[in-house]
């Protein structure tokens, strides 16, 4: 079960090399996760109001080709593992117009309460992701 | 009474034109205000814990010459007006190595409580700024 | 002639107060200008390849109500003046779901060549904006 | 041979949870690499003018404890491998005041020319890093 989101590169996301700065891919991954949640009927803003905070435990990315301003990126996101303790995602970043793979990433997120203490991932997140 | 802070341009703050993106100057101004507070003995993180939140009511900047990666910027900040309702700052951004003026800005900040309701600016902020 | 763009607040655009950081509005304004250009048939990435660079000469914003993660913002942009030397824009930021005005801004952009020297704004930009 | 840099958390680097957004650690790592270069006598801005561009090939981070506004972070950076093709770094992020480990990361950078083609890492970078 793969989730798809298209993101247009914003001008300020490029750096002095005219390419998307590598740190911005982690913001794209976050957008992908939030949209994925939303399509499953969960609003992340609402989850936080209920005291359910998702935090990134680890994240990484491998860069194959640069993305430029003017590119639309297609991010394909897959849940590769989901337990009460953590959810793992894999991300593939393609240039939309020709399908060229630009980057690939993965992350593990965990769930904390308002005080930052690790808590069980709610069942509806484990199931629907 | 003028406050001075030096900020080295960070690589990711430049955009596709190789120049510091104009929106980043407002982050520099924020750094200047926070440092100014600190030199007066006030820690902004501590103020927030006490329920004192400073919010920007309006802000603007005029750009004269571009800043580049490798530049160190000197920001001169002055309080131009301080009342129980608001504090106005003026900012001058110079290239440190030759003193060339790169930009000039101004802002008005107000004070809100934890719920976002406007409150009187604490006296110690009006006085010491 | 007013241009309209909807922007969903991204999680990382909020700050420690849970609100959209004030500097991010200037990134939203840039998005609005770029989209406005695109709807007129001009691709900003393409303009840069042709040596036409648009730079912000001055910009400002007044904040009325905070925007939060979960909000969709509607930005209404108007060209208030366009000459061979500069184009002025005015921006109105509304919360989309109820139309509440959150912020209002204005900017002046100018045109430079690859070396950063001010040049005449191309006619097609003055006309179509 | 370990490099050390202290970075004060900036307010806008925190997100809606009041913590430093995870993507910002990759900006800190970049700062650490640039400073490390500088201490070895190499100015990255100057390298780019000479057509030597360093690009991130892969990067990752594991988060142990959150960083907050008000924290000063100490980043310890080590070159774990350096060849003509790539330089690997390891990063340790500590909270300066008590030495608590907040995060740990690693990256591989490569060298490209002005056109983005992979080139040999210059000897002086392999040696001195």
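The letters A, B, C and D name the chains in turn, as written, and every chain counts its residues from 1.
Simple rule for what comes next: contacts are C-beta pairs under 8 Å (C-beta built on N, C-alpha and C of every residue); 3 or more make two chains touch, one makes a residue touch a chain.
Computed from a predicted model, the values in this text were never measured in an experiment.
Colleague: Using the touch definition from the top, list the chains contacting both chain A and chain D.
Modeller: Expected: B, C.
Colleague: Between B-C and C-D, flag the pair that has more C-beta pairs in contact.
Modeller: If we tally the contacting C-beta pairs, B-C comes out ahead.
Colleague: Farthest chain from chain D, going by the mean of C-alpha atoms per chain?
Modeller: Of all the other chains, the one whose centre lies farthest from chain D is C.
Colleague: If you average the CA atoms of chain B and of chain D, how many Å lie between those two points?
Modeller: 26
Colleague: If you average the CA atoms of chain C and of chain D, how many Å lie between those two points?
Modeller: 32
Colleague: Quick check: how many Å separate the C-alpha centres of chain B and chain C?
Modeller: Averaging C-alpha atoms per chain gives centres 22 Å apart.
Colleague: Considering chain D alone, which of its residues make contact with at least two other chains?
Modeller: Residues 11-12, 16, 23, 27, 30, 48, 69.
Colleague: Quick check: in the complex, which residue numbers of chain C touch chain A?
Modeller: Answer in residue numbers: 10-12, 27, 30-31, 34, 43-46, 48, 68-70.
Colleague: Could you pull out which chain B residues touch chain C in their complex?
Modeller: 16-17, 22-24, 26-27, 30, 48, 53, 55-63, 66, 116
Colleague: What part of chain C is in contact with chain D in the complex they form?
Modeller: The touching residues are 11-12, 14-16, 18, 21, 23, 69.
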